[in-house]
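Next up: some structures, all given as C-alpha cells.
Both complexes below contain subunit A, partnered by subunit B and then by subunit C.
And then the complex of A and B:
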C-alpha cells in the first residue's frame, strides 16, 4: 500500500486547488510542491522496492470481488520513475508558462489529477485499478486539450480526442468484463497464469484496440496532432510520460498473454504503419508542435514494433529515453512560440538561437531524437533496430530513422533563421522568458545524457538482455548524420526553393493527415446518415400511431351520426335489426 | 421498531394538506422541509435495514389496517433491497426537485403540491407489498405527472400531456388486467406479492405466460423501451424542469421496479429472456442513433434515458442475482444522474431562454458551475469509474455475459454512440465560446445547492459502492 502514497500529494493538491480559486499564487506552488513530494515518495518506493501485488477490496457483489490492487514490479517502477521525474519539471515549466492568474487554479487542478492518475496507472496490478486510471487519464486529457475553450479549434480538438478515447474505453471495459466473467478475477498475474480460452482472444483484441486509441496508433492516430490545441506544458506532459504511453505500457504488461495468443504480428504491422505515417507527416507538417506530435506517433509506433518483434526490453528502452527528449522538445517549442507571439507555423517563427544555452539544450534533444551516439536516444532507437530479425522490417526502421533525423532538423533549422536584431520585440521576448521555463529545460538536457545509464541498468532491471551490435549502431548513426546533412542542405542552405517543382507531389504523397481526416469524416457522415434514417423512422412511427389515433376519432365521429335523435331513423334501424334476427333464425 | 414507511407517507400527506391550505408564499418552504425530512427518514430506513440485515434476511415489513378487507387488500408495505435503493433515490431526487427544480420560481403552489403528491406515490409504490396498492400508487404518480406536464409545461404541453397519459393509461390497463388475472388464479385470491411469489406454480403455465406478457408490456411502456418509447421525448420537451426531473429520474423507475417484480413473481420469465435481451439491446442502439439527430438538449437527454433504461432491461433479462443487483444499481445511479442533467438543462434553458445546441453557446462563460455539472452528468451517464453508473454497468454486463456469453457485451457499445454525441453537445454548447453577448439570466444559489447534492450522491455511490451493495448481502433470486 506504500506505493499508493505516491499519488496522494497530487490529489491533495488538486483538492486544494478548488477552493483556493482566489489565490492562484499559492495554488501553483502547492501543486509544484506536491509533485516534488510525489517524486520523493517514488524515490522511497524505488529504494525499498520492488514490492509484490497488494490489494484491498473495493466492493464485491454476489461473490465477485472488485479489488484495488497495486504492484511495484520492475515494469511498474520504470513508468513510475518516468512520471514522477517529468511531473515536477512540467509543473515548474507551467509556473512560468501559464501567465494568466485566473487560469492557474483550474490548470493545476487538472494537471495534478492527470499526473496522479498516470501514477496510479503505473502501479496498477489489476484491470479495475487500471481502468479507473485509464478513464481518469482520458477525461483529464480531454479537459486539458480543450483548456483554452475560447480558442477557435480547441473544443473540436478536445472532442476528437475524447471521441477516439471513448471508443477505446468502451472496448477496454468490454474486454475487462469478458475477462472478469471468464476467469472470475481481474488481477494481471492471476490471468497470466490461467489457460487460454476463446473469450481471451476477443478480450485481447479489444484491449489492443483500446491501446491503439490511447497511444494514437493507426487508424486512431489523428487525434494526437489535433491535441496540440492544448497548452504546451500539457503537450510536453502528454507526449513524454502520461496518456499516450499508457497504451504501450499496458501491452507490455500483458505481453505474455499476447505471446500466448500469438497476436504479435498485428502489433508489429500496426506499429510499423503508424511509425511510417508519423514520420512522413512530420516531414511535411508546418505546425511547430504538430511536427513533434507526429514524431511521438512514430516513436510509439517503434515501441509497438519492438513489442511485435517480441522484445519488451527494447520497447521499454525507447519508452524510457523518449520521455526526456520529447518533453524537452515540447518545452522548446513552447519557448519559441511564446517569443513569437504564439505563432505556430515554423516558417513564421524566428530567432530560436537568441539564448545560446537554451538553444543548445534543444539541439541536444533533437540530436537525441535523431538517434546519434552519445545521447540516450541512440540507445532507444538502436535497441529497436537490434531486435529486427527480419530484413524488410530492419530496412524500414532505417528509413524511418533517416526520415526522423531529417524532420527534426528541419524543425530545428527553420526557426533558426536570423531576422531579428538586438532590441527588437522578438529579441526582448526571448530575453524575458521566465526562468522557471528555462530551468526544467536545462535539467532535461542533463537527463538526456543521464538516461544513457539506462543502457547499463535497464537490462538487469527488467531481466532482459540488450547489447550494442557495432555494425548496426554504426549504420544507424551514419544514416542519422546523412539525414542531418540533408536537412542542413535543404532547409538551411536554401535548396528548398529548387525542390519546389517536385515538392507539391512529394507533399501529397507524404502528408496523409488530410486523407485520414477525410476518412474519419466519412465514417462520421455514414453514421450520421444512418442515424438520420433511424430518426426518420422514429418520426414516421410516431406519426403512424398518431394516424391510428386519428382514425379512431374519425370512425367515432362517423358512428356518432347514427345517433341523430330522429325517431323515424331509430324505428328504421329497429325494424332492420328485427329482420336480420328473423333471417338468422330461419337460416339456423 | 419505528414504522418508517408509515411515517414517511403520513408526513407527505400532511405536508400535502398543509401546502394546499396555506398561502402560495409558504408552499415552497413547507414542501421543501417536508421532502427534506422524508429524505432523512429514507436514510434512517437504510440504516435500520442494514442493522437488521446483519442478523436476519433483510426485509422490513409494515402492516396497517385492512383497506378493503373483503378482498384481503391491506396497506401492506415491504421493503426489500431493490425497493430500498429506489426509495432512497426517489426521496433524494424529490427533495432536490423541490428545492431547486423550479428555476423560474413560478406556480410555486401547484408545483409543490404535485411534487409532494408524486413523491408520496413513488415511495408508496416502491414500498408496496401488495399489487392492489402498487396499482393505486402507480396511477397517482402518473396523474401527478400528467398535471405537471399539462399545467406547468411549455407551449405545446397539452398535446404532450395527452400523449403521455394515453400511453400510461394503456400501461395501467394492462397492469390492472394482469393483477386481476393473478387474483383470480391464485388459490387464496390474493394480491400479496410475497404470497404470489411463493405460490406462482399454482397458476396454470399458459396463464402465467399471459400474465407475464401483460406485466411486461405495461412496464415496457413505462420504462420506456422501443417500440413504446414515443411518449418520453415529447413529454420531456414540454414538461417543466421539475416534471422532467421526476419523469426520468423516478417515473421510469416505476417500470424498472415493476419489471423486476414481474420477473421475481413469475419465473416463467426465464423462457422469454433471450427475446427480451435482444429487444433491449436493439432499443439501446435505436435510441442512441435517434439521439444523434436531436438538437434540443432536453430531447437529447430524454433519449439517453431510453438508452440507459434499455441497458437496465438487459440486466433484468439476465435474470440472475447479479443482474437484478446491477439493474437496481443502474437505476439508482441513473436517477441521480438524469435528474441532475435535467436540472442543468432547465437551468441552461432559463439562462438563455433557449435549449437548442445550435444556438446556445459558451455556457461555461456564464456559469462555470452549470457547465461543469453538465460535464460531470455526461461522465455519470457514460459510466465513468468513480461515478455510480460505472458499478451498475459493470454488474449488468457481467451478468449479461454470464447469461448470454459474449453477445451480452454488445449493448455496451450503444454507450459509445451516446457518449460521442454527448461530448459533441458539450463541445457545441457547454465548453465553447460565446459569439454574441446575449443577455442571460443568472443561476440561483438553490440550483447550485441542488447540483452539489446530486453530485454528492453520484460520487458517494460511485466511490463507496459497498454502501448500496451491502443492502443486497442477503439478496438472491
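And then the complex of A and C:
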C-alpha cells in the first residue's frame, strides 16, 4: 500500500485547488509542492519498495471479488518513475505558462487529478484499478483539452478526443467484464497464469482496440493532433508521460497474454502503419505543435512495433527516453509560441539569439528525437531497430528514422532561419519569459542526456539483454545525420530568401505546403500513397463518428415527436406494447 | 428470542397504522413543523424496525396472512421509508398544501409497504393502486398548472391497474387464494396471458418502453418534489412487484420473461438515452435519464438469476438516492426560475455545493467509479454476462457512454464561468442532497455491506 501513497499529495492538492479559488498563487504552489512530495515518495518506493503485488477487497459479489490491487513490479516502477519525474517539471513550467490568475485553480485542479490518475494507472495490478485510472485519465484529458473552451476549436477538439476515447472505453469495459466472468478474477498475474480460452481472444482484441484509441494509433489517431487546442503544458504532459502512454503500457503489461494468443502480428502492423502515418504527416504539417503531435504518433507506433517484434525491453526503452525529449520539445514549442504572440504556424514564428542556452536545450531534444548518438533517443530507437529481424520492417524503420530527423529539424530550423534579423519585440518577448518556464527545460535537457544511463540502471528484467549492434547503430546514425543535413540545406541556409528571387518554381515546391506534399509524394512514393489512402479512410472514420452522433440526435428529435403530450396516443402505445409483448413471447 | 422478534413485528405493524393515522390527522391540526417532525419520526422508527427484522433474518407471515415478513420485504420497507423521509423533507417547504400532502403520503406509504410485504397478489394490486392514485392527487393539490400531469397520471395508472387486475383474474383458476407462492400446475395459454398482462401493467409503472411515454410529461409537469417520489420510489415499487410476481409466482416462465425483458431493456435504454440527448429542460432530461436507468435495472430481471435480482436491488437503491438528491436540487433551482440547461450556466459560482452534488449524482448515473452507480452497473453487467447475455451488456455499455454526452452538457454548463450572485440553499434541500451525496459516495467506496444485504434479500425471495 506504500506505493499508493504516491498519488495522495496530488489528490490533496486537487481538493485544495477549487475551494481556494480566491488565492490562485497559493494554489499553484501547493500543486507544485504536492508534485515534489509525490516525486519524493516515488523515489522512496523506488529505492526501498520490494517487487510485490498487494490488494485489498473493495467488494465481492457472486463469488467474484473486486479488488483494488497495486503492484510495484519493474514495469510499474518504470512508469511511476517517468510520471513522477515529469509531473513537477510540467507543473513548474505551468507556473510561468499559465499567466491568467483566474484560470490557475481550475488548471492545477485538473492537472493534479490527471497526474494522480496516471500514477494510479502506473501501479495498478488488476483490471478494476486500471479501469478506474483509465476512466479518470479520459475524463480529465477531455477537460484539459477543452480547457480554453472559449477558443474556436477547443470544444470540438475535446469532443473529438472524448468520442474516440469513449469508443475505447466501451471496448475496455466489455473486455474487463468478459475476463471477470470467465476467470472469476481481475488480477493481471492471475489471468496470465490461467489457461487461455476463446473468450480471452475476444477480450484481448477489445483491449487492443482500447489501447489503440488511448495511444492514438491508426485508425484512432486523429484526436491527438487536434488535442493541441489545449494549453501547452497539457500537451507536454499528455504526450510524454500520461494518457497516450497508457495504451502502450497496458499492452506491455499484458504482453505474455498477447504472445500466448499469437496476436503480435496485428500489433506490429498497426504500429508500423501509425508510425509511417505520423512521420509523413509531420513532414508536411505547419502547425508548430501538431508536428510534434504527429511525431508522438510515430514514437508510439514504434513502441508498438517493438512490442509486435516481441521485445518488451526495446519498447520500454523507447517508452522511457521518449518521455523526456518529447516533454522538452513541447515546452520549447510553448516557449517559442509565447514569444511570438501565440502564433502557431512555423513559418510565422521566429527564434532569437538572446536565449542561446534555451535553444541549445531544444536542439538537444531534437537531436535526441532524430536518434543521434550519444543522446538517449539514439538508444531508444536503436533498441527498436535492432530487434527488427525482418528486412522489410527494418528498412521501413530506417525510412521512418530518416523522415523523423528531417521533420524535427524542419520544425527547428524554420523558426530559427532568421533569428538574427528579427524584430526587437520578439527578442524582448523571449527575454521576458518567466524563469520558471526555463528551468524545467534545462533539467529536461540534462535528463535527455542521462535517461539511457538511468534506464540501464533500472532494476529487473527491463535491461536484461540490451546490447548495441555496431552496424545497426552506425546505419541509424548515418541516416539521422543525412536527414539533418538535408533539413539544414533545405530549410535553414538562407536558401529561401535567395530562392524566392531567383527560382519561383523551386521555391513553391519547397516552401508551399501543397508543393512539398508533391515532392514527398515523389520521394517517398509508395509510402505516401499508402498514407494518403489511410488518411482518406481515417477521414471517413472521423466522419462516421460524427454522422453517428448526428443521426442519434436527429432520431432523438424524431422520437421526441412520439411523446407528444396526447394521452390517447400513450394509451395506444400501451396497447401496442401488449401486442409487442405477445409477439416477443411467441418468438421466444 | 422468539418473543423479541414478534414484538418487533407487532411494533412495525402498529407503527405503520399509527403513521397513517397521524398523517391523516394533519389536515385537522394544521401544525406544519409538528407534522414534519411526527411523520419523519414515524418513518425513521419504521426504518429502524425494518432493519432490525432484516438483520435478525426473520421469516414470518403475520396479521392474518396479510404481511409477509422476510428479508426481501423488510429491506424494501426500510428503503422506501428512507426515500419517503427525504421526499417529506423537501416537500415541507415547497409543497403548496403540506397537510394534504401529508395525508396522501400516509396512503402512499401504506401502498408501498403492502406491496413490499405482500402475501397475496391482491395486496400487490391494491398496493400499486394506493401508491399511484394518491400520487396523482399530490400533483393536483399543488395548483392548476399541474392538473394536466395529474390527470394523465390518473388515467394511465387506472389503465395499468386494470390490466394488472385482469391478469389476476386469469390466474384465479390456478390458485383461488391468489397467494404469492409458486404455482406449479400452470398449463395452457391463460397463465401466459396473465404473465404478459402483469408485465404490461407493471412496466407501465416501472417506466419501461413502450409503456413509458407518459413519464416525461408527468415528471416534468409535476412539482419536482413529487417527481422525486415518482422517479425515486414509485417506480421502484413497481419493480418490487415485478420481482415478487415474476420470481415467485411466475418462476416456471423464467425463460420467457427473461427474453422479453432483454428486448424491453434494450428499447428502454436506447429510448431514454437518445431522447435525453436533445432535451433542454433539465427536469425533462432527468426524466429521460431515469427511464434509461429503469432499462439498466431491467437487465437484472433479464438475467433471471438470484445474482441478477441482487444487482437490480443494488441499482434500485443507488438510483433512489441519486435521483431524489438530483430532484431536490432541481426543485430548489426551479423556485429560483433556473430550469433549462442554459439557465444552469455558471451554477458553480452561484452555489458550489449544489454544483458539486449534482455533478456527483450525474457521474454516479453515468457509472463512474468509485460511486454507487458504478458498482450497481458493474453488478448488473456481470450478472448479464454470467447468463451469456454478452450482447445485452455491450448495448448497456454503449448506452452508458451515450449518456455521457447529455450529462456532460449539463456539467459543462454548471462549471462554465459566469460570475453570478450567490444563491443560498435552504436547510431542507441541503439535508436531503447531503444524505444522498453521502450514501452515493460511501456505498460507492465501501459497497460490501450493501451488497451482502442485497444478496440475502435476493436469496430470500
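Please note the rule applied: the second predicted complex is superposed on the first by the 475 of 588 C-alpha atoms of A that agree within 3 Å, B and C clash if a C-alpha of one lies under 4 Å from a C-alpha of the other, contacts with A are read in each partner's own complex, and residues count from 1 in each chain.
Rule of thumb we're sticking to: contacts are C-beta pairs under 8 Å (C-beta built on N, C-alpha and C of every residue); 3 or more make two chains touch, one makes a residue touch a chain.
Here the structure is a predicted model, which means the values were calculated and not measured.
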item	value
Touching partner for A:581 - first (subunit B), second (subunit C), both, neither	second
First (subunit B), second (subunit C), both or neither touched by A:61	both
First (subunit B), second (subunit C), both or neither touched by A:485	neither
First, second, both or neither for A:192, with subunit B first and subunit C second	neither
First, second, both or neither for A:174, with subunit B first and subunit C second	both
Subunit B versus subunit C as contact partner of A:156, first or second or both or neither	first
Touching partner for A:569 - first (subunit B), second (subunit C), both, neither	second
Shared subunit A contacts, counted only where both subunit B and subunit C touch the same residue	58-62, 64, 66, 131-132, 135, 139, 149, 162, 166, 170, 173-174, 177-178, 180-181, 549
Subunit A contact footprint on subunit B (complex, rising order)	166, 227, 230, 286, 289-294, 320-322, 325-326, 362, 364, 379, 382-386, 391, 393-395, 397-398, 401-402, 405-406, 409, 412-413, 415-417, 419-420, 423-424, 426-427, 431-433, 465-466, 469, 472, 476
In the complex, subunit A residues that touch subunit C	18, 57-62, 64, 66, 102, 128, 131-132, 135, 139, 149, 162, 166, 169-170, 173-174, 177-178, 180-181, 549, 552-553, 555-557, 559-560, 562-563, 565, 567, 569-571, 573-574, 576-578, 580-582, 584-585, 587-588
Touching residues on subunit C, where the partner in the complex is subunit A	151-152, 155-156, 159-160, 163, 192, 195-197, 199-200, 203-204, 209-211, 213-214, 216-217, 255-256, 259-260, 263, 271, 274-278, 307, 310-311, 352, 368-370, 375, 378-379, 381-383, 385-386, 390, 393-394, 397-398, 401-402, 404-405, 408, 412, 416-417, 446-448, 451, 455
Touching residues on subunit A, where the partner in the complex is subunit B	58-62, 64, 66, 131-132, 135-136, 139, 142, 146, 149-150, 155-156, 158-159, 162-163, 166-167, 170, 173-174, 177-178, 180-181, 199, 202, 527-528, 530-532, 534-535, 538, 541-542, 545, 549
